[in-house]
Amino acid sequence: MIKQLTARFGRPMTLVVLLLLWFWLIVLVLLPQLIMIDYSFKPNLIPSQLGGPEDVYTLGNYQTLIGNDIHRTIFFKTIWSSILVTVLTLLVSYPVAYFLAQLATAKQVMLIALLLVIPYWINEILRTFSWYLILSFQGPLNALLLGLGFIDRPVRFLTGDGGVLIGMVYAYILFMVFPLYNAIESLDNNQVRAARNLGAGLIRIHWRIVIPHAKPGIATGCIMVFMLAAGSYAVPALLGSPGSRWFTQIIYNWFFEGGDWNMGAAYAFVLLILCIGFIAAVMKVFRIGLGDIGK
Amino acid sequence: MDSRVHLDNISMKFGDFTAVHPLDLDIQSGEFFSFLGPSGCGKTTLLNIVSGFLEPTTGSVNIGNEPMAAVPANKRPTSMIFQNLALFPLMSVAENIEFGLEVRGVSKAERRKVSDRLLELVDLPNSGQYRIDDLSGGQKQRVAIARALAVEPKVLLLDEPLSALDLKLRQHMRTELKEIQRRTEITFIYITHDQGEALTMSDRVAVMSAGRLQQVDSPIELYRKPKTAFVAEFVGENNRLPGKVVSIDGEQVVVDCGAAGQFRGQMGTRLEPGQPCGLYVRPESLQAATAEDVNRLDVSVETVNFEGAHLTLETRHAQLPTQIHVQADQRAYGGQVEQGSTLSLGFQADETVVLPEDRPLETADD
Amino acid sequence: MTSQRLMYWSIRFYLVVFFIYLFTPLVIMSVATFNDSRFPTIWPWRETTWRWFGELANDTAMWEALLNSFIVGLGVLALAVPIGVSAGLFLSTYEGKGKNFYYSLMLSPLLTPGVIIGISTLIFWRNLGVSGGIGLTVIAQTTFISAYVMLMVLARLQRFDRTLERAAYSLGATHSQVVRRVLLPYLKPAIMTAAVIAFLQSFENYNTTLFVRGFDTTLTVYIATKVRTGLTPAVNALGLIMILVTVVLAVAYEVLRRREQNRKDTAV
């Protein structure tokens, strides 16, 4: 490794490259995760108790999560809702990505890509905030529905998870469209034409040709969106109500309201395991490797 | 300037694979020297050893009597022209040519003088300010040559530099390269799989196969007196008649080719009576038989190709496994032969070479 | 042919609906800026006003948060770009058994929820006596933004012709001259783009920042706080300004790109 690097960059620069790389991977990526996991297996102690007889490894923090009905329910709801967000985002994004990759002219691609990117250069909070305005009790959606006579009393959209779901799909579309686009773009258009010539219908063409080809893109998009949804704090904090809390909010509360970092670390580790599990499951279902992600 | 290149017991192994078997070689000062062979024969490996990009498994390289073992590639008195030319796309033509001087800390004015002079030499005057993308294939070629010459190397290494050009340009550049070499008196080491290039430009050619030197000789000697079956078949066109050595008579050998008869040829390399061998005769050495001919062969014509100055005939002898190719002056046979004609051919013993059976031809990538 | 026609029109119809979905929220947010109402809304419309821009301009907390966001963004830029470039160079050079492991490890921050990066950074550095604040925010964001830089640099490096390096080297350049004169100029566009993306990523980050910010407030944190406590159309004014800046930047980028393209086309 060092030989290959010095042969290309010489010794001083190899040193700089390796120091920066290892600083990143060890100090920023690996160690903090390991310390967090270590933390999660320890009880929350005041400084004078550290190193004392109570400073031992324990599963107590995890038992709290398992024993707490509310937290457990919220955990499973977070999983379920994040999967729902992922599927909805996939459905909404697929036609756009397909159009971009296979049907659009070069000019259309430029224009649409620009239109897609603009909302995403504005930050997640503002994107979510704009939905907050639309969905609010006295907001324009209620006004519109009232005016059209669909409802006769304003609806509280922001209680329950509906608002959170809409906001999340909106917030993460781009993370689905671009991986899908990249994957579908490499599909030879002649394959689709050949299938059509052979009499395959629209659904069959997509199911048998486009989707299998786009597998790596679908997997990457789903992994990104699920991870963003399950780990989001902003969207549920803005669009959710006290009755529709997200797992990240409980973690936050352990840190900054409960003051129990060890408990928070345990909850965070469970969330991490969930995401790793989801990634592993997706990679298995789609039969792809980690190398296919991020391309 | 002493720019001899001496390779002493050089060999190269990559893991279990031997790319170059141990070899010694002397290349003279100011010589145009080519390595010719199919891809995978080890010629590029040798070039990389001379340039310093590869460290040989055994042996040493000397340039101008100085050992190169401890000298890294960027300190060697060599410069290289790459197959894809590797011109720096973000620099202008002049910046490309001056690069080697720039990194040596030569002043700008000094550098400009050199690049102007070299652009003259390669016949591209006043084009220093162009971008690389603006040049044609042939112009890029010249810039690459100028860039390599700017650092005043003792030895110029050329790795199939003409292979990306179209046929016409390639032939034109051959003459030009030869001319530049004559004017600069630098030692050129040229790598190619194209025998036409090697034969037209080189003072001497080393033919390589499967990591071994087959023969090192002047182009004419290679053509007339191949020393191995590989060289006989790789350089130029040749007809091979398989047979067995009957007797040896000084420099000449009598070969028995079974039902086709017995023939006389030059001994290419040491042979013993009874040894299986190949008798090689060039298409242009096969002429209409005369009374004096020792070697005679009766064939029937299968195909006639008229090519202007000469004809090529694809003929067959009933007892020989392969076709016999004949190249003849159009005046000799013009309008007289056609498919099915029979011909009586004769050939001189001193234009015929007898060589021992070789290992099977190794032309594939290995 | 008719079914293809149907498909042609239905996908266009879908695109229109899709972009309405994408832009309606932004339009409503922008329009509400000009409504003279305590709560940001477009219904009912009271009176058209510019006063929310004034209120925003007088909001010292907002300016402070904006300044913090800039400092954090520049800090992340200064750390993540060298790290990401190093990682890209490393991956494009090293061939061996450990390569996949390194690649997975480099990719992992992108697959880890932002809150967890924030939490682990907070816990780790508290053990070293560093508490939350601007500095820790830079550290935490660098953890995952470096991975974006790495991916962008790597993508360009994969199209790099390494004979250029050998050519420079054989012409007598030292290793560092090869890097400075050949490799870095080639990477420059990717590094510039990566720097812009890194800054934007940092600027808009919320989930990670929330845990490591200590008592410092960045612009996104400020907006989130405002939305939940003391929401007025001044927040919309801020949003509108950010949209306009974004559109201007995006259009400027596009114009520059086209001009560059034209220059290249005419040069040939």
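The first chain written gets the first letter, and so on, giving A, B and C; residue counts start at 1 in each chain.
Simple rule for what comes next: a contact is a pair of C-beta atoms (placed from the backbone, for glycine too) under 8 Å apart; a residue touches a chain by one contact, two chains touch by 3 or more.
What you see is a predicted model, and the numbers here were worked out from it, not measured in a lab.
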So if I look at the partners of chain A and the partners of chain C, which chains show up in both lists? none
Quick one: which chain's Cα centre is the longest way from chain A's? B
Where the centre of all protein Cα atoms falls, which chain's Cα centre is nearest to that point? C
Inter-chain centre distance, chain A versus chain C - centres from mean C-alpha coordinates, in Å: 16
How far is the middle of chain B from the middle of chain C, if each middle is the mean of its Cα atoms, in Å? 57
Per the C-alpha centroid definition, the whole-Å distance linking chain A and chain B comes out as 61
On chain C, where are the residues touching two or more other chains? 174
Could you please specify the touching residues of chain A with respect to chain C in the complex? 1, 4-5, 8-10, 12-13, 16-18, 20-21, 23-25, 28-33, 35-36, 39, 92, 95-96, 98-99, 103, 110, 112, 114-119, 121-127, 129-134, 136, 138-140, 143, 170, 173, 202, 223-224, 227-228, 230-234, 237-238, 248, 251-252, 255, 261, 264-265, 268, 271-272, 275-276, 279, 290-291, 293-294
Using the touch rule from the top, collect the residues of chain C that touch chain B in their complex. 161, 163-164, 166-174, 177, 181-182, 185-186, 264, 267-268
Listed in rising order, chain C residues that touch chain A in their complex are 3, 7, 11, 14-15, 18-19, 21-26, 28-29, 32, 39-43, 82-83, 86-87, 89-90, 93-96, 98, 100, 102-117, 119-125, 127, 139, 142-143, 146, 151, 165, 174-176, 179, 200, 203-207, 210-211, 220, 223-224, 227-228, 235-236, 239, 242-243, 246-247, 249-250, 254
Okay, in this complex, where on chain B does chain C touch? 51-53, 73-76, 78-80, 82-84, 86-88, 90, 99-100, 102-104, 131, 133-134, 147-148, 150-151
